[in-house]
Structure formats: C-alpha cells, structure tokens
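Paired with subunit B in one complex and with subunit C in the other, subunit A is shared by the two complexes that follow.
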Partner chain A sequence: MTELLAKTPCAGLLPLRAGTTTLTEVDLGQLTSLAPYRGQAAALSDALHAAHGLAVPGPGQTTESDDAEAIWFGRALVLLAGPAPDASLAAHAALTDQSDAWAVAELAGDDAAAVLARLTPLDLRASRFPVGATARSELAHMAASVTRTGEQAFRVMVFRAFAQTLAHEMRTAMDGVAARRTR
Partner chain B sequence: MRIGGEGLIDRGARLDFTFDGHGYQGVKGDTLASALLANGIRLMGRSFKYHRPRGPLTADSAEPNALVTLGRGPGQDPNARATTVELHDGLEARSQNRWPGLDFDLLSVNDALAPFLGAGFYYKTFMWPRAFWEKVYEPAIRRAAGLGAISRVHDPDRYEKAFAHCDLLVIGAGPAGLMAALTAARAGAEVILADEDTHPGGRLNAETLEVDGRPGRDWAAAVAAELSEMDNVRLMTRTAVVGAYDQGTFGALERLAPDIAARRGAPRECFWRIAARRAVLAAGALERPVAFQNNDRPGVMLAGAVRAYVNRWRVAPGRNVAVFGNNDGAHRTAADLMAAGVHVSALIDSRPGATTDLDLPFFPGATVTDAHGRKGLEAISVATTSGIDKLQAECLAVSGGWNPAVHLTCHMNGRPAWREDIAAFVPRDGAVPGLRAAGACAGTFSTRACLEDGIAAAREALEEMGRTAPGTSAPRAEDGAYAITPLWTVPGKARAWLDFQNDVTVKDVKQAARENFRSVEHMKRYTTQGMATDQGKNSNTGALAVLADATGRAIPETGTTTFRPPYNPVAIGALGAGAQGMGFAPRRLTTSHAASVDRGAEMLEVGLWYRPSHFPARGETHWRQSTDREVTMVREAVGIADVSTLGKIDVQGPDAARFLDFVYANTFSTLKVGRVRYGIMLREDGHVMDDGTTARLGETHFLTTTTTAAAGEVMRHFEFVHQCLCPDWDVRFISVTEQWAQFAVAGPKSRDLLDDLLDTPLDDAAWPFMACGPVGLGGVQARLFRISFSGEHAYELAVPARYGDSLFRELARRAEALGGGPYGMEALNVLRIEKGFITHAEIHGRTTAFDIGMDRMVSRKKDCIGQAAAERPGLREDGREQLVGLKPVGAVKMLTAGAHLFNETDPADRDHDQGYITSTGFSPTFGHFLALGFLKNGRARHGEVVRMVDHLRGVTAYCEVQDPVVFDPKGDRVRD
Partner chain C sequence: MRITCPICGARDRREFTVKGAALALERPARDAGDVAWDDYLHNRDNPAGRSAELWYHETGCAAWIVVVRDTVTHEVFETRLADGDTEAGS
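Entry: the complex of A and B
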C-alpha cells in the first residue's frame, strides 16, 4: 500500500522573524465553505449553532466557539474552521472542503499592523478593524482573507499556491518595518 | 560661513561629506546646501540651457538651481535638491550639467549664444531634416541641456509602498498645521500630520518670531512632542504629500532618515497612499523672486531662504548682504541678519513710502537693476531717484512676495482664484472634496491668523465628521499685516530670469506673446517655463504676470497653467516599489513544483502559474529531444503531468444542472452521476469563451473544470450570470482549484500503474471512458476521472493538495518503472495537436462553435448564453475560417504558429489571406510537423495544398490541409 505524506502549504517557508514581528504557519483544522441555499441563511445559522455552538457571522465578522470558528468569507459565504462539518448543515448550505486550498499564517508583534500596511489597502486601525474583524482583500496582489486575531496579531490566508510569494512579500515588509525601529 | 547662536543644528556632531570630490565638514541638522554655504561654497550647479553658474535660490523643496547627484554607481540618485538633502556622514554629492567641471564648464558657451537660444528655439532650429530628429538633434541637445542622469543599471536600493488611514490628514506642520492637528487630536480624531521637513514647525523653524511667549521653533517642538505622545496621532516627518486623488486619497513620499535608510532591509523611500475622511491643507506659501538683470547670480537668494540659513542653520550666506523687496518681509530679513551679526550693506524697498527704524543704508522706492560677479555675486546696481548706485554685496536677499502653495487644491481640476490685496492666487473652496486650505496656503499670512485658521479648519472638519471640537484658543503670536505692492520685473536690457531652472527670461515670455503664444498653456510649452523638477514653483506667477502685461490682460484673466501631481518629484522606483524580481507578480506554484525543479524541469510562466516545459533526461541537450521522448513515452507506456492549474469549480444546489445547461452550450442535466462530459461555453456574443470537462459527482453536485488561462474569467462569468441573470436559481459555486492536486496519468500502461497504486484495482465495467468517482489511495480519499487530453487511455487522479508533492513523486517513480515518466507542457501540446484538441490558441475570442467544428454541440433544445447571438448571419457560414489540420508537403518542413495561409499561387498579401496557423508542434508519432489553424471554408478543403507564409520569421512552406484529428481518429485508444 502507498503511503502519501502530507505537506503543509508553508512547509520550509515559515516561520519568519524580523525585529519583534513573527510570521508563523497556522493549522486551522478542517476548512469547509458554507454557502447557504436560497432562503436558508437563518436556518443555517441555527443549524451551525446547534451543531458547533456558533452563529453565522455577519459581513466582516467572525464567530467562535470552543473548537470552531466561522469566518465571513465573502458574499453569502462562510468558512467553518476546526471540526468536520456536521451532516445537518448540508440541508441548508452547499458545503465544500477547502482544507488544503489555503496557506494560513499568523503575523504577530507590535509592528504587525505596520507590516500589513505595506501589503494591503485595508484600514486596519483598531477602531475600524477590532479583534475578530475579518475582510477579503488584496494582499500584495494576491486574493486574501485577513482577520484580526489579537490586538497585535493578524491571520492572513492566501491560496496555497501563493505560499512562497506570501513568505517573500512578508519578509520584505517585515525587514523594512523592523529596520525603522528605534535602536 | 557659520555664525554663532542657537539654531536647529548640533554643532558637536560633525559630519564629513564630499562635493565634486572635495572633502568638507558640516554638522548634524545641516542640509547639503547649508553645509556648502557654511563652507563658503555658493556655486552648486549650472543652469539647464545656458550653463550659467548657479547657487541655491531657496532653502526648501522648491529649489530650481542647486540640483546634485547623490552617491555613485547603480544606486546613484540624480536631481536631488541640495536644499532638502539631509547631510550625513560620508555623503557624496556631485554637481550636474557641466563639462568638464562645475567651475570651468565648456558648455557655458551656450550663454554667449543666448540670442539664438530664446523661446521656441528648438522648434525653429531642429526642424530639418527629419531624419536628424532622433539620431542627431536629440542626443546633442540632451548632452548640452539637461539634468542629472540615472545609472542605467539595476537600482539596488529598496523602495517601499504603504497605506495609511485616518480621520483627518493635515498636510504641513507649520503654525496652521500644528494647530489643526492639535485641535483634531484633542477631540479624539485619528490624525495624520505630514510634513516634508525633518522638523515640524514650517516657517517657525526659519524665523525669529515668538509664539506663546517663546521662540516659535520651541513652541513647534513642544506641540509636536505633545502630538507624538498621543495614540491617535501619527506624525510623519520627511513626508511630502504630493498628490490629491479621488475619494480622500492622497499620495505622499517619505524619505527615510539617512541613518535608518542605511540599515539592512530598510527602504530609501516609502510611497504612501493615505485615505482620509477630511484633510486640511496647511502647505504654507512659496516666496517668489523679482526679475531684474542677471538676477540668477550665485548669491542672489530669496529673503525667506536667507532668514532660514541664518536663523535655522546659523550660516551667513555672504560677508555682506543686501536686501531687496516689495513687502515687509525684506525688513524682517535685514533685522534678522543684523541681529545675527551679519553686515547688511543695504535695504532696498521698492515701495516709495516705505520707512524703517533699522540702522542701515535704506533705499525706499528703489530697485535693484543688475547683479555683478560671474561665479558669485560681488555687487549690485541700485536705481534710486538720484541715479544708479553700485553696492558691494556677496548675497542679495530678494522678496517679491509670497504665493500660497495652492498646488494640491488643483489636482482635481480646480483653478485658484486671484486675490488682489496679496497679489497672489489662493485656493477655491471645495476644489478637492473634503479638503480645506488653512493658513498661508489660504492667503492668511500673519502667524496669529495662521494659528487661528488651523483651529478653524480642524473644527470644521470635526463637525463634518460628527465630532465635537474642544475649545482651543490660539496662542499669542505676531499678527502684522502683509503689506505688499506688486513688483514683477525691473526694466533692463540684459536678461532677467523668471524661471531659473529652465532658463526662461522676461524676454522669452514677451517673445512668446509676440509670436502669438498668448495662452498661458501655450507660453509654457513654447518657453518651457514651469517644467522640470521644480515645476515653476517660484516662477509661475511672475511669468504669467509678464505674459499678462505683454498681452494687455489682467492676471486673473490670463490664468494659470494646470497643476498636476506630483508636487515634488517622485522616483519611479518609489511608485513601483517592490515590483521587481520576485515581487513583480505573485508566483503560483503547483504542489509538484519542487519535485519538477529537482528533476531539472524548465518552468514556463502560464498566467501566474509556473508549469514544467519538459523534463530533461540524462544526455538530452535540447528541449525537442526531451519533448519527443516524452510524447513517445505517453503513446507507448505512461506519462504523468500535473494538471492542477486547470480551474476547478464546485457547483452545487437544486438548480445546479439547470445552471450548467444555461452557461454551457451543450447539456449537462442529462449527464449521469459518476460520469464526465466535455462542454463548451459561449460568450453572450456567441463566440466560444472556454471549454473543459464537467463531472457529475451527485444529483445536485457537479465539478466543472476550466482552462488554466480562463479560470478566473469563467468564475467571474458564473457570478455574473447567477447574480444578474438568474438570481432566483438555487445554485452555489466555489473554486476548488487550490484544494486538489490533480495529475494526468496517460498512456497504454496507465491502468497498470493505477491498479497497483490504488487501494482497490479498477473494475473495467465500472470505469469506462468518461467515468468518474471516488477512489482510495493509502487511506486518502481521492477522485479519479477517466478522461484524456492525449488521445490515450488515460486518467486524472486528484488528491487533497497536501498530498500533491508526495503523489507526484510516487507517480513519476512508478511511471519510470513502467518505461514512462513525467511529461511537460511541450509534450502535452504535441499530444493534443495530434488529436486535434483545442486550447485558447484556437478559441482565442474570435472563433465560434461553428468555426471549431462544434456547432452541433450548441443545443437548440434549450436556451443558453450566447445561443441567440451565435445564430446571427455571418457566424455560421461556409466561407468562414474553419479549424483544419495541416502537415508539410514541400521542401520546408517547419510550420510556425502565427503564419498565414494563402492559395498555392496567390501573392502572400492581405488581400489574398486565406487563414492562419494557431498551433504547431513536431510530432514524433508521425515524424513531421503538425499544425492546427483556420482556413476559409477549410472543412471542405481537406487534401488541398496551401502555402504557409510567416512574414515575421521569414518562413514559407507548402502544406496539405487535413482533418484536425490525425491520431486515432476513431478514438479507439481512449476507450480501450
């Protein structure tokens, strides 16, 4: 029997560190896109709550339970991260496995927002983009999902195939920002 | 020379630098210009056209004269303004536009030729012969008249781009800007305060004026310190806002401090895009000179610049200084010079009624008529009521008044308004939505009034943003009136400069008017006034005043030229920061990338993807050797190719089948679960958009594949059709391109390979051609599709992408054991040409289903996108160019893509064009080239010989028209 070895998207590329900022690969567990069928948004939210303990997040938001997170992922689209989706969800939404489609990394440190400001036009001020806020946007010309996971921490997701570019662009931005730090 | 007293310099921190190879010393806080002046150097450059000796005119970014090249080698930075270059240890600067040297410049012969080099000179002189335009005139002119040069090799310096967001952007940190920022910040707004200088304060840093009972620069430093302590304020020094754009977006260029820019990984400059809800423009005003004979001598400076050199940098710009002006600023200049212990030889005030308390030679109602001394000012001529006096002066401080820096308010097509009382243009309200000008740039000139206007501007912005403004009052400060009597030119026979940078004199503007270039925009282009790096910051108003006079119009009637971004020069390196090398475009790499590169594969760019062209085997030196081997390998054994780059769209929902019937020309609702069908998709205009296979994974679950090139376009098309044309249909789709690593396993031994690899061998009955379904692979859930793009018995095997690298290595190893191996894009292309399969080379956007021989696939039993338009007259006619196959039959055996087809004896010209070749490849299976192409009425012409002519490559070949499918036309092998 053949044994296939699994490789993470950022294997050999991360972690990175520059100054006080770190970029680390994150394993979010299983990723499933949930696209509610016509008129099923509320029912999906109820089913999600019953099965996984969280509601469907509104635009630009995330919801969390002990073992799962739901990330708003676009128009009428949510990404369930963590557990395998409960079978009951399929009655209300198109479910698609996306576990291998995304390179996921966390950027953390006092300069995290400054680093992202080099790569994305998103307004990441804490007043506009508090912890838990999420957005789909451009990150160094790549389609990305950006979520604030802490005061000084962001999760960025780009297509798996972009992992090398993500590491390159992040390293460049991190080095540039770190160099400005008072020494 | 340096004088005593306190400025904004650190005398203890001495810095070594060179200018034109000579070593000098300056101190921390100096600019290159102030350091050179402190060393007694006034001559810093040569003028653009006449190569006249020049010194600095200003002490700021408007500088027209003192342009230098910094550094040496690949990263050398031309046209830096010495007046803004921050001095640092080891700085290397060189003067420009001189040969062989600054002091002795042979090209200054141009100055003697001045009578021939006036306005419109180029247009009149270099007209004939036409062939000389590019080869002779342009290079010669560029050498003689020019600015600095780039290195012409790759620039190793790093540049950066960044975004910032705020409630209020305050542009300029002078008195108005500081008060605006402070007012808004105290109200809790998120504020960005940007200033191009190293120190906030604006003019306060250059003046002796007091604010709140202490020196203005101390007050400014204290306010800046308060602001920088606040979390809601970002103080951006060294940052020039250079452009105003739509929706509150501003462009700004930040120069990093030299010590930071020198660090590893640090950028030299950062180009910011700042999005602000409101903006306050507090950019101040720019002083303008007066045009008199030889007013461009090194040592003639603007009065405000002289005060800056004396007060801020503690530099006397000459041993004796004369002051000339038409406003009270001239008096303040004389007073500051005297207070600093600099000898003032005269104060010349053009206003007849002017008075002074200063103890110096005073000339009211007089003008300076000439300046003497070629490489540095030695004396001036002064015209008084009693005649001409000649006075000694190494420096002449000139003030013709102040022009508010209206530039940014005009970036969105606004035009400034003329204010007679200050003889200057001021911004019009609302010229840039959300932006209000405050302080000197709004024509408010006293310090106190600027402070108040800053507060008022901030309060207005706060109210518009729904915030309450705290009661802030302006500190005590000078509140004098700005008394000015316009003086643009002083009459004289010799040249009097308006635009120093472009060598435009009063005569040139008058000549332009005489030759009927009366519009200010025409005058600008005829004389070049206001062009190049300074964009005429000091000269525009003076030039149009002269033009107004020459054309008998008023100044407001004459109008201004158009102010466009950027306000200051911005290096292309900063605008395009990061977009070089790896940063040029994102790289999309398949899971088999590393293994392919390990095998020596050459990678091709396919959109953003990288795919292997071929896999060289030992001893192969040419790609054709590898490709021929790989084609044969697939035909005779088994080949492996990564096909993950094809777009994959997961389509689900009760209306999924209905939706696919609508977007595809053919029918998918009749497809059985567990089966795959090929389909073509039309654009709304009836032409073919894309093709690919769609698998039915469940009753309401499909997996559609697109070509690599059109994956994004098809996804966008799906979204458009669903959101706009059938929003009620219950169908959902999402890209799964990245989720799956998919490999073609193609060739007669493909089933042997899979039987051994999969957890369960394939059952013949369950896996006919075009079957699909789940399979197990070492416990991993995989998907198998029995489809073929090669014409061979073939499969595509998909696994979750995490296993892609491992599976590719495994497949390649197993294929090699069976006499096969991995194959690249070149072989893939040859295989599909042999089978007559199309790619976007054929469905290039101008071909219909009829053209490619798939008209029957367009179902007439149902509606679909593009069906109606495909029925239009002319789109399904025999005379159209139709897909054909071609093979060489003459002496020349090579067929080339892009070549055109002609009847055998017709001339090879446009009128006789019969079609063209879209794809070619050498077929090792048949031993000759094969091509696909389009030929008029081609399907009826199989067997005919046509002539292929490639005008670009110079290839002519005779070829026979044949069916596009030459390999296994019945398709036995795929079904075997």
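Entry: the complex of A and C
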C-alpha cells in the first residue's frame, strides 16, 4: 500500500532567518472564503457572529475570536480561518474551501517592515497599517494578503504554487536588509 | 502615482490594471440604432485632458473603479466604484 503524506505548502522552504528577521510557516487551520450574496452582507455578519463569535471585518480589517479569525480578503470577500464553517453561513454566502490553496508565513523581527517594504508598495507605517490591519496587495509581483500580526510581525499569504518564489524573494530581501544593518 | 480605491484607500499604481476610457458604462440600448452603435464601437475621443477611465484594482480588492483624471497632468479628480455601488462592500 502506498502511504500518502500531506506536505505543507512551505515544507522544505521555511523557516528562514537573516539578521534579526525570521520567516516561519503558519498553519491557519481550515480556510474558507465567504462571499456574501447580494444584499446578504449584514445577515452573513449576524450568522458569523452567532456561529463563530466573529463580526465580518470591514475593508482592511481582521476580527478574532478564541478559535477563529476572519480576514478581509477583497471586495465582498472574507476568509474564515480556523474552524470548519458552520452550515448556517451557506444561506447568506458562497463558501469555498481554500485550505490547501495558500502558502502562509509570518515575517517577524525588528526589520520585518523594512524587508516587506522591498517587496510590496503598501504603506506599512504603524499609523497607517496598525496591528490587526490587513490588505490585499502585490508582494514581489504576486497577488498576496498581508496582515500585521504584531508591532514587528506580518503574516503574508500567496497562492500555494508560489511558495518557492515567496521563499526566494523573502530570502533576498531579508539578506539585503540584514547586510545593511551590520555594516 | 497613487490611485484612491473607494474600498482600499490610496494605493500604488502597480496594484491596478488600466482598461482605458470608461466607455463600457455608456453602452447604447439594444435598440439604439446603427448610428449610436457605430459611434460606440468605432469612434474614440482620446482627449488630452480630463478623461474618465476604468481601472481594475487587480492585486487589491478586485473592484472596478472609474478614475476621472487629467491625462496631461495626471491629476486625479475623482474615483468611484464602476457599478455605482456606494457601499464599500464587506
């Protein structure tokens, strides 16, 4: 019998460390996109709150409960991370399982924002992009989701097929920033 | 150059794809007749100056946006969602 082993998107690629910065793979659990049907955004928010203790986040925001996180993921699109979606949500939104579709990693360290700034045009200043803020943007020309998870920590998500590119681009940016720091 | 997405806020031009003049929003009625349709399909104003364009926030929120800007000075006068929705969406 062949035994199949599940590999994570960044298996063999992460973690990376350069200078004070680390890039580590993150397992967000089950990922489900919630796309509210026309006129159902408020009803979806109520259902999400009842089922998972979360409000639907507004543009650029995330919401959290004990075991779940909701990440704004685009126009009229939210990503539910953690648990399997409650069946009640399906009355108000199109639900799509995206668990295996994304490579997810956390960039952390004093230079995290400086590293990320080499790869994305986002304004990463804490005044404009505080902890909990999220954005869809490009990261080294890849479509990405970027969330600030701490003062010096960011979670990045790219399509799973780009995991190797993500690791490569991050490695280059991390090395570059680290080299300038030690000079 | 930065474009203000009605949903995401001011964002770098690189996140967007430009389609061109916002012509599709002025599509004639089905029975508008040959003259109107000929004009819609073939005639372009291509103004040097104030112009309404369709921009797609491709690596952002994926909204289609009408950007009213000056093609000479690059000044942006107005941006709005192309479908006229005033709700930013969830």
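One rule holds for everything that comes next: the second predicted complex is superposed on the first by the 178 of 183 C-alpha atoms of A that agree within 3 Å, B and C clash if a C-alpha of one lies under 4 Å from a C-alpha of the other, contacts with A are read in each partner's own complex, and residues count from 1 in each chain.
Following the convention adopted for this analysis, a contact is a pair of C-beta atoms (placed from the backbone, for glycine too) under 8 Å apart; a residue touches a chain by one contact, two chains touch by 3 or more.
Just so it is clear, the structure is predicted and the values come from calculations on it, not from any experiment.
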Subunit B versus subunit C as contact partner of A:54, first or second or both or neither: neither
Subunit B versus subunit C as contact partner of A:157, first or second or both or neither: neither
Which superposed partner A:18 touches (first subunit B, second subunit C, both, neither): first
Partner chain in contact with A:136 - subunit B first, subunit C second, else both or neither: second
Which superposed partner A:170 touches (first subunit B, second subunit C, both, neither): neither
First (subunit B), second (subunit C), both or neither touched by A:89: neither
Which superposed partner A:6 touches (first subunit B, second subunit C, both, neither): first
Subunit A: partner with more touched residues, subunit B or subunit C: B
Which of subunit B and subunit C A:99 touches, first, second, both or neither: first
Touched partner set for A:78, first subunit B, second subunit C, both or neither: second
Footprint overlap on subunit A, where subunit B in one structure and subunit C in the other make contact: 76-77, 121-123
Residues on subunit B engaged by subunit A in the complex (per definition of touch): 158, 160-165, 190, 256, 260, 263-267, 270, 273, 275, 578, 582-583, 585-591, 609, 650, 652-654, 728, 730, 732-740, 757, 759, 777-780, 799-807, 810
Footprint of subunit A on subunit C - complex, ascending: 7-12, 14-15, 58-63, 87-90
Sites on subunit A touched by subunit C in the complex: 36, 41, 44-45, 56-60, 72, 74-78, 121-123, 135-138, 143-144
Partner subunit B, residues of subunit A touching it in the complex: 1-9, 18, 33, 35, 37-38, 76-77, 93-94, 96-102, 117-118, 120-125, 127-128, 140-142, 159-165, 168-169, 172-173, 175-176, 178-180
